[in-house]
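This structure is in structure tokens; I'll ask about it shortly.
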Amino acid sequence: MLRIGVIGYGYWGPNVARNFNAVDRAQLVGICDANPSALARAKRNYPGVRLTSSAGELLNSKDVDAVALITPVASHYSLAKAALEHGKHVFVEKPFTCNPEQGEELVELASRASLTVMVDHTFLFTGAVRKIRQLIDEDALGNLYYYDSTRVNLGLFQHDVNVIWDLAPHDLSIMDYLIDARPQAIVATGEAHLNGLEDLAFITIYFPGNTIAHINVNWLSPVKVRTALIGGERKMLVWNDLEADEKIRVYDKGVRVKNRQGVYDLLVSYRSGDMWAPRIEQTEALKTEAEYFVDCIEKNERPFNDGDAGVRVVKLLHAAHQSLKQRGKAVRI
Amino acid sequence: MLRIGVIGYGYWGPNVARNFNAVDRAQLVGICDANPSALARAKRNYPGVRLTSSAGELLNSKDVDAVALITPVASHYSLAKAALEHGKHVFVEKPFTCNPEQGEELVELASRASLTVMVDHTFLFTGAVRKIRQLIDEDALGNLYYYDSTRVNLGLFQHDVNVIWDLAPHDLSIMDYLIDARPQAIVATGEAHLNGLEDLAFITIYFPGNTIAHINVNWLSPVKVRTALIGGERKMLVWNDLEADEKIRVYDKGVRVKNRQGVYDLLVSYRSGDMWAPRIEQTEALKTEAEYFVDCIEKNERPFNDGDAGVRVVKLLHAAHQSLKQRGKAVRI
Amino acid sequence: MLRIGVIGYGYWGPNVARNFNAVDRAQLVGICDANPSALARAKRNYPGVRLTSSAGELLNSKDVDAVALITPVASHYSLAKAALEHGKHVFVEKPFTCNPEQGEELVELASRASLTVMVDHTFLFTGAVRKIRQLIDEDALGNLYYYDSTRVNLGLFQHDVNVIWDLAPHDLSIMDYLIDARPQAIVATGEAHLNGLEDLAFITIYFPGNTIAHINVNWLSPVKVRTALIGGERKMLVWNDLEADEKIRVYDKGVRVKNRQGVYDLLVSYRSGDMWAPRIEQTEALKTEAEYFVDCIEKNERPFNDGDAGVRVVKLLHAAHQSLKQRGKAVRI
Amino acid sequence: MLRIGVIGYGYWGPNVARNFNAVDRAQLVGICDANPSALARAKRNYPGVRLTSSAGELLNSKDVDAVALITPVASHYSLAKAALEHGKHVFVEKPFTCNPEQGEELVELASRASLTVMVDHTFLFTGAVRKIRQLIDEDALGNLYYYDSTRVNLGLFQHDVNVIWDLAPHDLSIMDYLIDARPQAIVATGEAHLNGLEDLAFITIYFPGNTIAHINVNWLSPVKVRTALIGGERKMLVWNDLEADEKIRVYDKGVRVKNRQGVYDLLVSYRSGDMWAPRIEQTEALKTEAEYFVDCIEKNERPFNDGDAGVRVVKLLHAAHQSLKQRGKAVRI
């Protein structure tokens, strides 16, 4: 039985607590939040669980095997470090850390102590992303041409980070999960309109060969869009996460170049076949992820969304931020 | 009565011929195409019109007052130059020329000869773009934050130019028309997958202040998208050109920053009111443009889509192309 | 302080309990359900509330001022009758009763005892229906031509009633609320495919003058549709309840007949103007309804969704059922 | 070479003429219209074709093998009769005739003279309807539960017929083509709001067994809808004719009744699998139909959209009209 303490009970923490609480082989044993009203809410939901406003109390406790850190990113490094030093497994909200160095240090620490670090890239546990991964594994799409994601809506400004650090971790972690190659360079542009933090940004990621990714994030859009186009040599797909059903549409469409005798003789033919929307598993992603965390610890297996995955995403965020500040100067990864 | 000759009767030329032929104060007097089957089609449609495979025949003719050049971009400069030297007004397909210098020379030539040059930025004559321009003129949107356009579909590869030169002239000319400020710098990224020509590209355009534009063009998308988001301080709009009705939706949505005492005290409030889809004029854009061309010549007025507008767009295309080739290096305009 | 007992804690009961519990001037004092696991759930959510498997215990209790009956329709009459006889106000799930006579008896009983009966026509408290009612009150639509609703999806078969009794109460209560005139006759058709209960049905309701309503309900549709078209002389609207925003779209469209000198001389002109999607209040409908119930009792005011409204809907259900069984024979109301 | 004359060159006639003109083994030899401006248009398009304002001239001509009657329905019977009596094959606009008797007389006449009669049920030649027919032929849908069509929009009032005669021939001919069983009874309701002709109507058609069809036609809808739901035991589909691509979506969804030991023990389970949008042939329907007409005559084969099909549709229109006038009284076919 894995005894888990949740640190941070604001917006996302209650979901994490609820899902760990529901895992059979786990037990929610403590909740920490500095905010008294958050603790009051926690008390109503989990009368039997230890409540505290001091993270240290959970980090030091012998009755806690693992902690979930659902706090602002600035606190991740020090809390995770303390947790690892006290021999606890760590589940940490994305983005992993403020910079790659912090993340790498935590990975190193966990490795030496044989502890599990998992970064909460929740989207990787949705039915949609798992189905896309499966299509790629089956080579249904063929050689990957591009991944182009749009994630825009009105609002949910963060006060401490710009739109890249707020919204792009989703796309970057998904991209990292779906594309086996490692990024070479990143180009980001964007602008701030209200409070000095960029509220829209456009990120291009170059991969070896001719695979390319693009991410459009925007806090100032009148409409909510959550759409990714993924183009492959064999098939292409559209993932619209706002669709209730049919989130993924796979198009039997493509292009064939027939003749390469000079540019003007080029014969391009378009193929246009059926469209197919596979049934998507509807399980709550966080539930699957919570079970996976407990599984990985029990079986002493390394999760695919481990500290390294967290570091990879932070590196990209960091590089995108640097590029943005220099108006699109390409930053090598 | 303005006597017009159309040079180039391939894909777009027949539409230009048909619309000039329908203008009351104009007369379609000649059609030129090197392709015999194009001429045969022209003959069926306009039995009384002079047909020729030699552009020179129309350019030299005393019975021609103006020519419409609907030919590949590589030929625009020399044909337009010859036309102007023979004292003819020129209507020229977009993009205006292969490089800014050619365009500037044509503008200079036309100016000295007091001839009209109009670049066929057809979209500026659609009901949708005119309605957006009207909303901006009435200051309905307030200070402009961003213009973000997506123009993707499968196919219609050009064999001689990449996707920027093929699709982005639409967005750049619309942006040039809607945003009064002049661009400062451009950043473009993209990739080629099939024949060495980039088939998808992402372009950011920086304006003075904090106005920014972004253009996503892609020949390899499984679905067709023609959508632009325009964000203003006061209102925001979505233009979906694929909607039969309700192409433009104006959202009474916005953000207000209430408190500027330090970043953490910032109070951001979101405003969410009605949505409104103004009725859009349904007239064929090219019809309106053809009448406007004849009007401008008759009244000796300079069209807003004149050679200068054409040069501005070519400069942006050129800069985007340069930036793309250097993986997003910002190019000053 | 109104002390309320909730009888029936299955699918909808928990929502009713939660919302009455949240009303300031009300107190949830008891929950009854014959199912032990339902009671267990109730205990977790409301540790301090009296729980019982006997409805009689709440109906007889002096500590209960009102009861909410969220039980199968077959039990409504006897439970409501007992409640009224014990001097309790009654909030009852739709449809009110199995037949009009039962409903009328309950109305009579309540009237003599000066007690409030409210039928839970929840949709009348949604922002969408209230906005449509407001548009009608302001005469924005003009003389009403038709109300045409489609409510189809896969599943949620009831085992005891057909699709008319399951889905049409929503539409009939909305129609009853929006259209001031009283129905004259009803025609219903439909078919049963699986278990002898009709799983799809089409209902036409005739009103005086030329107002007409139509309701399409179907348990066997592959897609979920919740759309109503409402046509007026002046304006028309589409209510799509599945839209996250913009549930209501008001079209400035219409028809004008200009000339009535014989049918062939008729000049019909179509008017097509702007579309407008008013902002809709997002409050949970049941919350508003619960507060209204308490309000009506406190102020001794008759709710608009009173027993009479319940009877009117039951009469229509009954007539539709009769008509359906006779393959569309018109049944007068 | 089949020599064809087209009688009626108003709205639809030009399409018919153009398509017959394009058939290799046919020749457009004459066009008739009483309206001089229609004839002038015909002259521009077909300079070499005989033009006349007298139908008799074409009907009597020895140089005409077949006529296409694209005139108001009231004239179909007499024109077709004359054509058949002069030994000409007949292609006639839908609906076939004003009443079933006229249609049956024409069928009899044609049969005796061994001439072909084809009724222009154009929709049967669309890629979408042919694909649905193919799915039914392959038994992909299983036993058919229902066909539910909505065909509504603003406008195109006819001055001589109500909305049933104007719009429902499409749905009735499609239904007749897709459902092998023959209708038993029809129930129709509706209302007139402007000029005494019904502008909206709701039609139910009962088939043997428990197959049922429903048609919703409306001239007073603010939005255009062209959607049919088709429910089968095995699969269900949605046909949205306004979609550019993906007009047909086949859902692997269904219901299984597991237990029939009394109504309350009934276990209903829902099956929800993939969705699939087959590629649809994009050829112009009328082109395919025109070729088919010539084919049938050449090979002396009876078309499936023959006079009998026309009579079946007219019988349903007639019955629906009768039912409508009696407020939904079921009319047996």
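Chains: A, B, C and D, in written order; residue numbering restarts at 1 for each.
Rule of thumb we're sticking to: a residue touches a chain if its C-beta (ideal position, glycine included) is under 8 Å from a C-beta of that chain, and two chains touch if they have at least 3 such contacts.
Small disclaimer: the values here were computed from a predicted structure and weren't measured.
Asks: Same or different, please, for the chain A to chain B contact, judged on whether over half of the interface numbers appear on both copies.
Replies: Here the answer is same, because the shared fraction of interface numbers exceeds one half.
Asks: Any chance you could check whether B-C or C-D wins on number of contacting C-beta pairs?
Replies: C-D
Asks: Please compute the C-alpha centroid of chain B, do the same for chain D, then give the distance between them in whole Å.
Replies: One centre to the other, that is 43 Å.
Asks: Distance between chain C and chain D based on Cα centroids, please, to the nearest Å.
Replies: Taking the mean C-alpha position of each chain, the two centres sit 39 Å apart.
Asks: Let me have the rounded angstrom distance from the C-alpha centre of chain B over to the C-alpha centre of chain C, please.
Replies: Inter-chain centre distance comes to 53 Å.
Asks: Touching at least two other chains at once: which residues of chain A meet that condition?
Replies: 272
Asks: Could you please specify the touching residues of chain A with respect to chain B in the complex?
Replies: 145-146, 148, 150, 152, 154-155, 157, 159-160, 185, 187, 189-197, 200, 202, 204, 206, 210-212, 214, 216, 218, 220-223, 229, 231, 236-238, 249, 251, 253, 255, 257, 260, 263-264, 266, 268, 270, 272, 323, 327-330
Asks: Of all residues in chain B, which touch chain C in the complex?
Replies: 245-246, 252, 272-279
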